[in-house]
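First comes the structure, then the notes that go with it.
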């Protein structure tokens, strides 16, 4: 969809044209003893209903922080400072009251976490936790209705004998089952935005396949907007319509999935793709790793945060070292000082043959 | 290829489950339950399987960190299955291990220098040019700055720590290195650095690897042969290319098809061909009778419940390709398609 | 479940046996070390050899320790006869013998003192649980605020103050200078509940202050830890109101560990709040034990130890069972 | 205080009965004979036993007079008059044989127990027999055993083979109203022994052995209605007591309650508030109340500081070097600071007068002004002490050990005070606190005391009966040195002293006996065996509503049986 | 696979050490000790506690001098400073004057100041030594239980539970009163200190033992232990070289935190009358003496009470601060 139109140019003010979820210049900082952590800076993106946005990036690149910011979970008891705009269904969330955001949470927007065991309360049955989620947003529903609804949801996500499992506790479930139950809980109020933060990282491949399948099916059924956060490019390729690549708290590449995978624009994305062995390609003698290691968010490298690891950092004189690149390009944007032509040339010459 | 460096037969490890004041044994986790394999000198044997299938336990048995409950381990023809700590010393020089978690595998209170020199000290290896020099050489070898000799692990990033672990394993110049998921905890961009390093070291020092991982693509990249484990058993073992080209065990097939491919254009095709297993791995405390995979296998028949299939070459396969299955998958066979959401076993 | 309880009860009995055996052994040795003679103690100020010998046979003091212990156990279960020639005294079960010093039957004597200790412990426990846990929770929720700091400073002061000092200070202030409270004394609840409460209020508050301080610190730490858990984030992500996040999700798991500590503390207190009872001169089990130890009155010492251990063991059992009810992970494993 | 010429005659000495400070020590305060009302007694301590043969506390003996009559008992009178014995159950003074070894009593007619059965000589004999059963009913004094059966061949009624359980040979009951005691040796103080509660009558069929103290039979004007150990005792009138048979007891109140509290401070505030009548412990109010009472003239007028009859002292073990030398003992006598020791005991009011010799002022013939070491001046005499040390051959001092009970704070304080003053003359004393309950086997065992090197042993002693023998014999008679439970801590074994006691045992003339006791006292003081700290006193408070209050010298406290409550309050 | 956030906070050079840039030296990692010290220094309250602790220790050490300069010998009676009738000090505030800085003891007139500073000697030496003793036992048993596991663990854990759930004070009293007064020629004061140390230390070890055991259990599962085993290391090396250094921080913290508890226990035992023999002073003993006179002479109760309070508070503050500074979670 029209993700490209976001790239900085002002949109027409009429509300109808706004994507379902739109993030503008999101900035999240944490004040810590060691200094200010710039966990997310200047992030802008959008998702529409029925679409899936994949966010990839290394550990610590700000993926989870972004998702928590959308849900407004940095508001309570946190040292976080959030600025920018978050529009959900034409409502601005950064400036909204706590109560407004709380009302949306679990209702219009909901979230699946990485580790379902620790994300579920150990002392309450899985069923009661789902019932609770339902009743916050449907206060009029009777206990029985809520229960029926919860069992229904459990069945929908593929939990066998849902009536019996309703009364079980999270620790009695297997890893895959737990994640299914988490999903049931997230979906119980038919959210129109679902954020999945590494929903399969803790799971085995065979179970991961089941869960991804489930998410895909459910999205088809509910038509919600989905944000899929992961560090596994394979998972993104499986699910996402659009992809965002984050590095050092910033979006460094953004575009439709096929474009990002087939014609990646940013050297970091090249590195990512080049460094992973792939089952769908012929064997390579050697992998092409990205040298160095990820940056500290307290002490980001000057200029382009990627420059210490970028093989092409010197090609633009000093710019990489001094000037922070902005996300440029339309449909498929990248934050890189190299000119599109240079990139095309380098990609063809250095990268494509090795993929 | 050359002769076998390490051979295991009928290897078993059962962890007792105890209860109560008097530690009565009430059962056992059959983490490794009878595996036979051989590691040839100079090769890399990949071991894959789902979480909890006993890969790490197997690795620890190979390095004799654990003592097997049953079966035999021979290294260069010598039976090391039940040797005492003292008698194991020479063996320790030849077999080393690299661990999964670069954070917990290095003692946070020791400097890099003392971590890497520990094997030299424990094994009392003379270092003519001095321990420090030896350590610094090793640091250089794994691509770290030799000046970091006096630093502590927390001052390094994950990838660098893994290099320290590798340097420690290399210190004794072993013949065999068992690497237990050495890259699983690393980010993709770093993972490749370590894989390449392992590659380089193998050729430089003539190392033999047992490479344990759950990531099939990494295993494919690095291994010469691959063993697939399921619930404490090896279900299939073959030369790498043979295995990836024509997996015979339904579990291997399912495992491979479940790997997400980073290519959106192949998404639909991949989905159509995907084998979706239902359910989870059963508990190793109470494994299913007969073929252990039968509870999740779409081809399972009665015999699978009663008779355990041996690990042997199946029809049309070379001797090196062994499968433990009554009904191995034939190439081109239509496998079970997508299962609808909510289907259950 | 039943099997579990039975096993735990057997375990408890075993523990009690060990406790009494150890106590018996230690205090049996004491006269040997100090060269004192329980028979002399029993007979009082004046004694001639004939009478002392009589006492010795009667109390079985000449028997080896294990025989004495066996007789003691028998007395506990079925009662016991003390015989010296034709003179026989029957001590009904559960018999813990006769005080060496006052010749009183130990069981009724201790049971008579027990209400004092129980009243003291339970009353204080109620206060400190409410105050301590309440303050801890509020502090945790208002972490970093002025209130938090005030509560935590008070708590720190509380744990740093010896109870007997607090006791003296509070009675100096409230009883003697301000004359707000009566001098601490015990009146049975059944006799006059108002007097019972007013006589114990000062010891309660003093004791509770110390424990409340500990509990406030503990609760705060637990709550903070719980508030950082993933499932709390989940609860918020579900859109729960902050109030229910705290009251339903956080409190439940944040306070569970408190139960264990509470059990230990209450058990120990029921076995005698020695310092408090001494400072306020309340004749409970603790003061009894202290007097007995000073006087080497073995039967009383064993009796008190047994009662103390009994409470500790029983309360631990209750706590464990309670844990099973609260924490399903424990219940089912 | 009482007649002995002690220094603090600051109280009123009128006999008009007006309430005044210390009035009850010399006169009957609020005399009256109005009957009725309930007497509210309090105590910070329960009785050791209400069984007459087992109780040993002074207040318990005093309370025993409410329900236990004896052949002879102390008169109900103030001052020295109270020390006289009167026939109680006995119709008259005993008939004493020529060899002074046989005492024959005739009982009064019409005396009955609370259940209406008459009291016979057999009941008295049975009561005496119980003293012999120390293994069943231990706790009380055992002087009678020594006099009636020194070898302790009779083992008490519980092991008696006699069908009537009256197997004690030395006591005869020819008929129900006659009882004959045959002593093994002369003992002029024998009637005092019969005045102890242990010689009271016990009906054999009501004897429950060790449990008897829970419900003892009553021969006096009151009987125990209920007893809740550690909490309370209630006495009500004994309907079978006949005033006409009793010349001692007044029996004014209708009921007497004794409430046992655990909090002495609380008890004091109740006394002052008037909700409690009297502390039967009579050991003095606590420090807080002491200050209050002494500072407020109104309260002070209701307080007395009677001599309790105790002397607090240090015994100097002459078997432990260098105290085998009398000069070294004298050094201690002179070096000790009398005021500091008095302060440690609680000062002149609550502690007592500085002790000058070893006969307490309430004992017949005592003379507090006899002060051979000049202690009354209140200052240590360092020069004399140094001279004594010189004479002893230890001019620079020596080391020794002070033994003190660990459960008596005041004694520990005196030990510290003594330690400090001895240090000034070079005597280094180490304080050894021992388990106070084990006094009989720690300092009471000479072997043990020698082994531990106890040179100085802190203790206190009150007479079991108010005569020189009653007070002094156990402390200074060489034949009373026991291997265990010894009270002659200095191990004085002076034939001269022993001889004087033998003379006194035959002396029925009191004034002559007094002379003998003073001779003994002088010899003891000259030997410097005992360092008296104080003649013990206690500041007690009495509720102004009480009538007939006076201090009884035999007990060193108010005579409880005489008390009444004024109707109005 | 998520690597904790700490992966990036201490960023280092690129993998090829050669490519280091000049600016990077500055961000070189700090050792744990440095981090903790830096945090501790920032914690004003904890530092204040620490200063008080040091000050008190100093006072205890120079007690004889202080007494000589500002006080009177601890066993010197000043009966003239005492009101004979009430036994209380003459003058307001418990007889505080320029001669008697903290007043005099009721009934004897001894100098409270001297007795307080000598009391500090007792309190602190008992507290420190018994903490050391507990730590020694706790570490020994905790390590063995955690590392060896199996029945050793069961046995030690049982003993620890048992000791923790025992009427400790009673037994401490019993033991103290049974053990001999003088031992090893230490004199009665230091012998008793020794006994108190042993008794308090003995009942204190399970506290540390549990923590060490817990930590050992979790450390034992860490892969570096396995790594050490795979190199052929024997148990002693693993215990003392691998595990013990990692336990140093919790051991230090909990040792600091049991010191105040020990001060309270020592005072309690003295309060109950089984402390240091007279005339040697101890704070608990003074408080117990004060019971008799606290209404007429409150200063005599307040002075030792406040001393205990201040000392314990200072240790607690310092211990809390140390714990926070060494807490890996707070990093």
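Per-chain numbering from 1; labels A, B, C, D and E assigned in written order.
Going forward, a contact is a pair of C-beta atoms (placed from the backbone, for glycine too) under 8 Å apart; a residue touches a chain by one contact, two chains touch by 3 or more.
None of the values given here were measured: they were computed from a predicted structure.
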**Request:** Could you run down the chains that neighbour chain D and chain E together?
**Result:** C
**Request:** Quick one: how many steps at least from chain B to chain D, stepping chain to touching chain?
**Result:** 2
**Request:** Name, by label, each chain that touches both members of the pair chain C and chain D.
**Result:** E
**Interface with more contacting C-beta pairs, comparing A-C to A-B** = A-B
**Complete:** Here the gap between chain A and chain D, centre to centre from mean Cα coordinates and rounded to Å, is 93
**Request:** Calculate how many whole Å lie between the centre of chain B and the centre of chain E, each centre taken as the average of the chain's C-alpha atoms.
**Result:** 49
**Asked** Once you find the CA centre of chain B and the CA centre of chain C, what distance in Å lies between them?
**Response** 55
**Item:** Distance from chain E to chain A - Cα centre to Cα centre, in angstrom
**Value:** 51
**Prompt:** Residue numbers in chain C touching 2 or more other chains?
**Reply:** 34, 176, 294
**Asked** What residues in chain A touch two or more of the other chains?
**Response** 59, 231, 291, 293-294
**Prompt:** Which residues does chain D have that touch at least 2 chains other than itself?
**Reply:** 288, 406-407, 435
**Prompt:** What does chain B use to touch chain A in their complex?
**Reply:** 50-51, 157-160, 187-193, 195-196, 199, 214, 216-218, 220-221, 244, 254-267, 270-271, 274, 276-278, 280-281, 338, 341-345
**Item:** Residues on chain C engaged by chain E in the complex (per definition of touch)
**Value:** 15, 18-19, 26-27, 29-30, 33-34, 156-157, 159-162, 164-165, 168-169, 172, 176, 264, 267-268, 271-272, 274-275, 278-279, 289-290, 293-294, 301, 304-305, 308-309, 312-313, 316
**Item:** In the complex with chain E, residue positions of chain D that touch it
**Value:** 286-288, 290-291, 294, 337, 339-340, 342-344, 346-350, 406-407, 409, 412-413, 415-417, 419-421, 423, 430-433, 435
**Message:** Using the touch definition from the top, list the residues of chain E that touch chain B in their complex.
**Reply:** 1, 3-4, 6-8, 10-13, 15-18, 20, 28-29, 31-32, 150-151, 154, 222-224, 226-234, 237, 242, 245-246, 248
**Message:** Help me check something: in the complex, which residues belonging to chain D touch chain C?
**Reply:** 48-49, 56, 133-136, 138-142, 145, 152, 155, 158-159, 209-210, 229-230, 261-266, 269, 288, 406-407, 435-438, 440-442, 448, 484-485
